[in-house]
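The data blocks that follow each hold one structure.
Two complexes follow with chain A in common, the first pairing it with chain B and the second with chain C.
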Partner chain A sequence: MTALLVLAVLATLLGGTVLAALMDRAALPLAALLTRQRVETEAPDRMNRDLSSAWYLALAAIGLSVVPFAPGLALIDSPVGIVIWGSCEALVVVTVFLHGWSPNAPFPLIGAYRYAAIGLPIMLPSMFVLIAAALPAESLSLIDIVESQREIWNVLRQPLGLPLFLVVALAMTLRGPMDYADAADIATGTSAEESGAARALWQVARLAMLVSISAIAATVFLGGPLGPVLPGPVWLWLKTAALMALTVWIGNRVARTTPDRMLTILWVVLLPLSFLGLIIAGVMAL
Partner chain B sequence: MIALLALFAVWTGWRVFRVDSMVRASFALMLSFVSVGAIGVLLSAPYIGVATVFMMAVEMMVMAIFMVMFMMNPAGLNPMVMVHQHRLSIAAGVLAFVGLSAAILLSPLPSDPVPEGSDVVAQLGHELLGPSMLVFETAGVTLLATMVGAVILSSRQGWFGAADHGSRPPDLTAGGDPAGRQPGDGGGHGHHHHGGH
Partner chain C sequence: MAMTHLVRWAARAPAPVYAAIGPGRQAEVERLLTRPGLNRAKTPRDAAILLVAGDLPSSSLDALNRLHDQLPRPRTTLRWLDGDQEAIAHRITTALRALCDGAAGEDDRLPDTPANEWKGIGPHGQGGKGMMGGTPYGRPMAMTGKDVRDGLQLDRYTTRVGPFAPMLPPGLVLEVTLQGDVICEASVQAAPFAQPAEADAPALCAARMLRLLGLDAAADRVIRGRPLRAAWVTGAVPRGLARINDTDARDRLSAWLRSRTVTVAPPDLAALLPGSEWSEAMLILASLPPSALIRAARATEAA
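For the complex of A and B:
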C-alpha cells in the first residue's frame, strides 16, 4: 500500500507538472532552456544556488505526500498533517529568498527581499484559513478534515477560506499579482542570473508547487477525494486540475501592484478578513 | 536516527559561529532547529516537532532580514567574524555545557513510553488551554505587546514629528565631529535634502 501511495504521489506530481506547463504554455520554452549554457556570477553561494530548486521541488513533494488520495489514505498519515503543510509554506519563503540571495547579484537580491517582505505576512492568513478548516473536523489531520466534509464542503461552510487560500497559492507559486520574486519588472528577479538547465529546474519546481498547493486546497476546501461514482484519486485529480486552472487564470488576469501597497492590503485587508473567518468558524464549531 | 539528527543539530549549531555571513548563520541555526524538531517528532511529540520547523523557518527568515538590516555589513556576502568577547563567551559556553550535562546525568529521567494510539496532540491542546492556560496566554499577550511596542518605537512617524528629527550620530572621536552627514549641510550631496536630516 505504501509503495502504491508513493507511486500515486510521484505520478500526480509528474503529471500535474506537465499539465501546469501546458496551462502556462511553458512546455516548449522549458525544453528549449535545456540547450542553453549556464551563467556565472561573481562570488555566488554555490550550495544554495545549486540546491534551492531541489528544495523547492522537495517541499512540493512533501506537501503532496500529506494529501489523502482516498478517504482515510495518505502517504504521510500524520495527526498534524496541516501543520506539516504550513511548515512547507514557511520553508518555501526561505527557499525563494535563498534562491535570490545566493547568486550575489542585484536583481535576484531585490527579488529575494521583496518576496520575503510579502511571503512572511501571507503566512498569517494562510494559517488562519487552514486552522478555520480544521475546526469543524476537530483535528489537524487532513484525513479528518476530508471526513468532516462528507455533508458539506468547506468552500460552502467557510466561504472566505478558498479565495484567501488562492492568494496564498499565487504567492507560493510566484505567480501573477503575488509574484514579487521573479517578476518582469525586476528582470525576472531571483532567476535573473540563471540560464539553461538550472533555470528550467526552478520553473519545473514552481509548476510542481502549483500542483501541490492546488491538491491541498482541493483537500481542505473541496472535499478532496470525496465524490460519487468515480474513485477517490480521480476526484482529487479533477478538483486539483480545476484549482490549478483557476490559479493560472487569476494569475494571468489580475495585475500586480507595488510591494508597499500589497503589504498594506495584506496586513489591513486580508489578515483581518482571515481572522474574521476564523472567529466565525470557531463560533460555528462550538 | 535520533543520534544522527542530534549530531546534525550540533554541527549546524557550530556552523552558525564559523560562517561569515548573517544569512548563512541564520539558516544554519534554522537547520539546527529543524533537526531538533525532527527529534521531537520521533519522540512522539508530532505537534511540537512540526510546529518547531514551522516557527523556526519563519523566525529565521525574519532574523536574517533584521540582522542584515541592522548590521554594518549589508547583503551578508562580505566576510565577517561572527564571534566576539572571546573569554566571556568561552566561559559562558563551558558553564552552560557542564550545567546542562550535569542536569541530564544527575536527574532521574522518566521511562514512560507513550501508549499506542493515545491522542498526544489533543492532550497537548487540553493542557495548553486548560491547566496551563494562564501561563500560555500571559506569554502570548506579553509577546504581542512587545511586538507592538517594538514597531511603535522603530516607526519613523510619530505624534511629535519624525523620530529622527534633530538626532545626532555618535562622534567619530571622543568630543569630536559626529559621524556621517551633518544636519543642514546636505552631506556633500549638493542640494538634496533627504528626509533623514
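For the complex of A and C:
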C-alpha cells in the first residue's frame, strides 16, 4: 500500500505539473529552455543556486505526501499534517530567498528580499485559516479534517478560508498579483540571471508547488477525496485541477500592486480578516 | 530520441525575443512583439533572438555588446531597419528554427573574463577584508548611509541601469543609489532615444504600465485593440504617484485605458524618483508618455 501511495504522490505531482504547464501555455517554452545554455554569473553561491530549485520541488512533494488520496489513506498519516504543510510554506520563503541570493546580482537580490518581506505576513493568514479548518475536526491531521467535512465542506462552513488561502497559493507559486519575487519590474527578479535548464527547473518547481498547494486547498476546504460514485483519488484530482485552473485564472487577470501597498493590505486587511475567521470558527466549534 | 523530440518542441515554441530598441522604433517593436509566435523575453537570459531595431548611436554599442553576451547560446542577432513587420516576424521564426536545427549561433563579442580579478575569501568567495564601501578589486561595495525614510543607517548601493533594461524606456541610462529597493538618489546618465508621436499612443502607454502590473496578456490585448479583461487594474496603482498637472499615475493609466491621449509637462526626474521604491519608480516612468519623459530626461541630463 505504501508503494502504491508513493506512486500516487509522484504521479499526481508529475501529471499535475504537466497540466499546470498546459494551463500556463508554458510546455513548449519549457522544452525550448532545455536546449539553451546555462549562463554563469560572476562568483555565484553555486551550492544554494543548485539546491534552491531542488528544495522547491522537494517541498511540493513533501506537502503532497500528507494529502489523503482516499478517506483515511495518506502516504504520511501524520497527526500534525497541517503543521507539516505549514513548515513547507515557511521553507518556501527561505528557498525563494536563496534562489535570489545565489546569483550574486542586484535584481535577483531585490526579488529575494521583497519576497522575504511579503512572506511573513502571508504566513500568518495561512496559519489562521488552516487552524480554523482544523477546529471542527478537533485535530491537526488532514485525514481527520477530511472526515469532518462529510456533512458540509469547509468552503461553506468557513467562507473566508478558501479565498484567503488562494492568496497564499498565489504567493507560494510566485504568480500574478502575489509574484513579488520574479516580477517584471526587476526583470523576473530571482530568475533574472538564470537561463537554460536551470531556468526551466525553477519554472517546473513553481508549477509543482501549484499542484501541491491546490491539493492541500482541495483537502482542507473542498472535502478532498470525498464525493459520490467516483473513487476518492479521482475526486481529489478533479478538485485539485479545478483549484489550479482558478489560481492560474486569477494570476492572469488580477493586477499586482506595489510591494509596499501589498504589505499594508496584508497586515491591515487580510491578517485581521483571517483572525476574524478563526474566532468565528472557534466560537462555532465550542 | 528524447533529444530529437525536445528539439522539435523547441522549434514549435514561441520565439523568445529580446529587443534592443533604437531611436524612433519603440512603437513598432512593441506592436511586433504582441504577434502570436513571438514571445517578449523579460530578461536577456530568457531569449534566443536579439532584435536590434533601428540605428543605435555609437555611444550605446558597448552596452549592446554586453547585452548580446548575456543571451544564452545558441543565440542569433537580427537587425530590423525597414519596419516591415511580416518580413521581420518571418526572419525571427526562421532564425529560431535554424538554431533548433543545430546552427552554431554567435560567439561572445567581449572576453568572458571578469573586468577585475575576483579575490574573495572562503568556499564561495564570500569573504574578505574591507567588505564595506569603496571598490575593492574593482567592485563597488555597499556602504552604510542614512535611510531616506527613517534616518537609520542602511547599506547604500550605487549602480547604472540601461540603456536596454527591460523595465526602462529604450536609451535611458539611470544611475541610482539604492537602500534595499528604495531609491535614495537618481541621475540621468543618458536620455531615452527620441521616438515619434506614435509612441505616445494610449494603447502602447497603457500596455507599458500593464506589464509592470503583471498583466502581460491584458497588455497584448490592449495593443491589439481588444477589451482589457483584467481586474483591479487602476486600483493597483497607488494614489498620488507622480502627480503632475493635477493627474497622478493612476489617472493617466485610466485615461489611456479609455483611449485618451495624455500630455504632461516634463517633470524633474532627479527630484521625482528619490524616496520611491523601485517598483513605484518604474510605474512612475511608465506613467509618463515617452515624449514628456524624453524632454524631462534631456533637461535633467543637461543640468
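Going forward, the second predicted complex is superposed on the first by the 286 of 286 C-alpha atoms of A that agree within 3 Å, B and C clash if a C-alpha of one lies under 4 Å from a C-alpha of the other, contacts with A are read in each partner's own complex, and residues count from 1 in each chain.
By our rule, contacts are C-beta pairs under 8 Å (C-beta built on N, C-alpha and C of every residue); 3 or more make two chains touch, one makes a residue touch a chain.
The model shown is predicted, which means the values in this text are computed figures rather than measured ones.
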Partner chain(s) touched by A:Gly196 [first = chain B, second = chain C, both, neither]: second
Partner chain(s) touched by A:Tyr113 [first = chain B, second = chain C, both, neither]: both
Touched partner set for A:Ala255, first chain B, second chain C, both or neither: second
First (chain B), second (chain C), both or neither touched by A:Ala90: first
Touching partner for A:Ile186 - first (chain B), second (chain C), both, neither: second
Which of chain B and chain C A:Thr2 touches, first, second, both or neither: neither
Dominant toucher of chain A (residue count), chain B or chain C: C
Which superposed partner A:Asp45 touches (first chain B, second chain C, both, neither): both
Common ground on chain A, meaning residues reached by chain C in one complex and by chain B in the other: 43, 45, 113
Chain A-facing residues of chain C, complex: 6-7, 9-10, 12-14, 16, 39, 42-43, 45-46, 48, 70, 72-74, 100, 114, 118, 120, 124-126, 157, 159, 165-167, 178, 180-181, 210-218, 229-233, 235-238, 277-280, 282-283
Contact footprint of chain B on chain A as seen in their complex: 43, 45, 78-80, 83-84, 86-87, 90-91, 93-94, 97-98, 101, 104, 109, 113, 116-117, 119-120, 123, 140
Touch list for chain A against partner chain C, complex: 27-29, 31-39, 42-43, 45-47, 106, 110, 113-114, 176-177, 179, 183-188, 191-196, 199, 252-261
Residues of chain B defined as touching chain A within the complex: 23-24, 27, 30, 46-47, 50-51, 53-54, 57-58, 60-62, 64-65, 75-77, 119-121
